[in-house]
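Chain lettering (A, B, C and D) follows the sequence in which the chains are written, and residue indices restart at 1 in each chain.
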Amino acid sequence: MKKRIEDLTVIDNSKLAEGFFVIKVSSSEDLTGIKPGQFVQALVKESPSTFLRRPLSVHDINPSENTLLLLVQIAGPGTERLSRLIPGEKLNLIYPLGNSFTLPVQGERVLLAGGGCGMAPLLYLARKISESGVQPHFALGFRNRSRILTHDEFSALGPVYLSTEDGSQGYRGFVTDIPEFSNEHWDRVYCCGPEPMMKAVAALCRKRDIFCEVSLENLMACGLGICLCCVVPTTSGNLCSCTDGPVFNINDLKWQTSG
Amino acid sequence: MADLRIKIGPLELRNPVILASGTCGYGSELEDFIDISELGGIIVKGTTLEQREGNPYPRMAETASGMLNAVGLQNKGIDHFEKNIYPHLAEYKTHVIVNINGNTIEDYVELSRRINSFSAIPAIELNISCPNVKQGGMVFGTNPASAREVISAVRRVYDKTLIVKLSPNVTDITEFARISQEEGAEAVSLVNTFLGMAVDISNMRPKLSTITGGLSGSAIKPVALRMVWQAARAVTIPVIGLGGIMNAEDALEFIMAGATAVQVGTASFINPRAGTEIVAGIEKFLIEKEIDSVSTITGIINRK
Amino acid sequence: MADLRIKIGPLELRNPVILASGTCGYGSELEDFIDISELGGIIVKGTTLEQREGNPYPRMAETASGMLNAVGLQNKGIDHFEKNIYPHLAEYKTHVIVNINGNTIEDYVELSRRINSFSAIPAIELNISCPNVKQGGMVFGTNPASAREVISAVRRVYDKTLIVKLSPNVTDITEFARISQEEGAEAVSLVNTFLGMAVDISNMRPKLSTITGGLSGSAIKPVALRMVWQAARAVTIPVIGLGGIMNAEDALEFIMAGATAVQVGTASFINPRAGTEIVAGIEKFLIEKEIDSVSTITGIINRK
Amino acid sequence: MKKRIEDLTVIDNSKLAEGFFVIKVSSSEDLTGIKPGQFVQALVKESPSTFLRRPLSVHDINPSENTLLLLVQIAGPGTERLSRLIPGEKLNLIYPLGNSFTLPVQGERVLLAGGGCGMAPLLYLARKISESGVQPHFALGFRNRSRILTHDEFSALGPVYLSTEDGSQGYRGFVTDIPEFSNEHWDRVYCCGPEPMMKAVAALCRKRDIFCEVSLENLMACGLGICLCCVVPTTSGNLCSCTDGPVFNINDLKWQTSG
């Protein structure tokens, strides 16, 4: 799909949990060519401290409404301004950007592991996996009960295993402490979340020799493969996480030391 | 219709808007958004003789109305360029200029010699102003004697249009503009990025892996504009102005201050169509003001 | 409670936050908003021997995250200062520093001699960096030999704390910091404004009556911070950092980069309470991080 | 009255004419000490291109509601953002700033001349004049009919003479072309408007030796008498229009050349 720059219209913006919002925007162009794992570069207007665009994963696509969902965690002035978008406002996006997750093949057992705003790309991925006839399972980790992000859309697609760091809901600990993660057989693990989580998941997968893709959130200036600011050291040299990624197979990353 | 054509040495550009090196890749990255041929020209990524991995991550930090980068000239080297990139570039219907970099004078000379033979590259931009490399780069661009030496050496081997890209990190920009002219450059372009830094107070460390990096974007426009104005009064060769140009109004400020052409840099990250929109905006301005040709307003503030 | 005290030569400041010259008047202009005595110090308006009318209007232009000014040291001269302003300043319970300016070395010397006798003024800030005057000012601050001459001449007649305010419009800031130290200054402060300009495209003229002016505000922070970091590594005397400090986070960046103290300039125009809020913010940061004293984090990025 | 910095609450924001808005803000502090001709410095949040505050005249004060009115003309990004303030939003102001108009004495005939957003300070001035027992008269000039700003509040206080440049309403021409201006006797003229208007009014007054005060709108950075950016050449040297002004007696200004 060709990249485009477009003013989309905000249809809805709802608070999911403290500091987390889901923004729904509608497009006048066809959105169905977007692949799971791809992201957008959002223009934040009217924030004096936001000079560059903000990269955000495609959280979901609703083809019948032709809407795109973003799951945004307030991290600073840019995301704060986005969290105050009101229906009817325009949101200028450059999209779709980046590569995408490798979909499983029939009969494989797949686990989608994530936490916080790292859950963002997993919903659309799960939907695509589900559409391809494979059942996604989810391992989702949160700091505590109050930080759990609504997961109805997730459970509609497959079983959800939860962990909280303080044990206030689900298993106590990190996603990697979820028993199903270690005890069951997985052909593929897809992960997006805070770097320590992704590294822990990667380590586990490497040990058990499971195919694992992670989606990185490196700092980006352009999102178009131009500025070379978002580089990741890989086995084939410095690659751009905005064009060669954000999705990487853990075997290509130079993270292995932590495994 | 207004006449937007301008000349840089022997080179005629259909309009004065050029995409700046390091901010437009090799052009193809922007092809989904714009028709490269509508531009006056593009200056492709900083190129070196050998392949370079650049600096470690993090290489970027946002600042008020600007950004710092510390890319460090990551590129695959001239061989790769010739084999894999040049064939595509040769198809663009606009001027494609290569921005060249080296650690030593010999590097610059060798690279210029190579590029001299690429028939579809009518000009080079001699980058003596990259702040993000330990050797070469800004070291040449902040020392008058070194600047003279490298420009003169390149001039001897390069017989097409030579543009020297100046560093703003100097006391007197006119000195470097004059040296470029004296050594036979057809034009100077300024500015490259300002050496800056940012600190992450939460972990009490610099935000960039290299501590310092190059500042670009709107923040630098007033200083860049002043330098372009100074340089344009100091030399007779064309001055190509850049630094914080985000829209046609900004571009017009540089032109009125004396820039024959302008380059659009960081703006393309925020609006990949910035370059062609600036072309359209300049034309619109001229038509509204009933001015026939862009050259009428070049340096006009000095004449009013 | 964290210990915010710092020393500039013999002078102890209760905290490292000083209001910058030209941006706090004589203090009284801010008295409706803050208690001046809560600050580490204030540096009053640029003062000259004789009265000056400054430059013609317009003297100001807003830019992206910053502003240009071309005031040109308008002030009523040292006699007026002594008679009408000094008595009030003498009542402040914080250090009041005078920023001094001259066309010639003799002016600077004579002015320093005069101020040396004002018992309530413990320090002067020698401004060799004003970009908005034709003579003196930045001319001294961008030429190493002249800088050395004026600092040394003032040092001979002034026996209290001497702070030299450096211009950022130079290739190598460390050279000027070193000269200041060698000539016996107790501290350097940097940066003054960057020489910039702006063009009004609607009337095709410069926005400032003087064409160029001094750029201040958030826009300059990354470059100012880099210079402060460089200067602090080049000299052993305290470096007072400024340039685009709008809030406590910005101030902490400068301190972590090596500034012993900071100055708050343009920020006071937007928030007249900026100075005291920055004092409070620094203290809050230290308490949250369980750091006893601000001096612990001075230049910490160089040690991590 | 001491200067203060305060977050006031927007109560109302209505469009007066194309490009003109009246913003009503309420304060938790007493506003009655504000003098006619004084101004505020408004902080424009969320405008990336607005670094400094924006000076705006006090258009009116309603003591019973303890509200302050601003009459804003959209001139650029700052005023544009202000024009979109919605009730409930905070507007941070530094006020009251500047000197004030000299009120007339009993029995004097006074004319308030203005146009465009230069009308802003005249309403509050008229109210104070009226309270002092003097009847204000107004001479208001506009480009054309559609640019006329509602003047009900004005006519409630005194007779209004109108001019439009194209004659689409009132007298054709500039305020100085209004017959009542030239034909009647005036002890004092107060004027605020575009510079050419003020200069024309000043010239007329000087010729007829009428006391005349104008309110200048010089570019300002601080509004506090610190930056010295807003200077006006006067017979006593360069004065700050933010502290020694914005109101000046025309005899003190170095405009006289045009008279």
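Just so it is clear, a residue touches a chain if its C-beta (ideal position, glycine included) is under 8 Å from a C-beta of that chain, and two chains touch if they have at least 3 such contacts.
Because the structure is a prediction, the values reported are computed rather than measured.
Inter-chain spacing, taken between the CA centroids of chain A and chain C, is 47 Å. Between chain A and chain B the centroid-to-centroid distance comes to 36 Å (mean Cα coordinates, whole Å). With centres set at the average Cα position, the gap from chain A to chain D is 54 Å.
Averaged Cα coordinates give chain B a centre that lies 34 Å from the centre of chain C. Annotation for chain D: residues touching 2 or more other chains are 48, 50-51. Residues of chain B in contact with at least two other chains: 63-66, 217-218. The touch graph of these protein chains is a ring, one cycle where each chain has exactly two neighbours. Contact between chains, as defined at the top, is found for A-B, A-D, B-C, C-D. Chain C contributes residues 22-25, 29-30, 32-33, 53-54, 56-67, 69, 71, 74, 217-218, 266, 268-273 to its touches with chain D in the complex. Looking at the complex, you find that chain A touches chain D at residues 45-48, 50-51, 81. Residues 2-5, 43, 48-53, 94, 218-233, 237-238 of chain D are the ones touching chain C in the complex. Those residues of chain C lying in contact with chain B across their complex are 63-66, 68, 142, 169-172, 194-199, 201, 204-206, 211-212, 215, 217-223, 225-226, 229, 244, 249, 252-253, 256-257, 285, 297, 300-301, 304.
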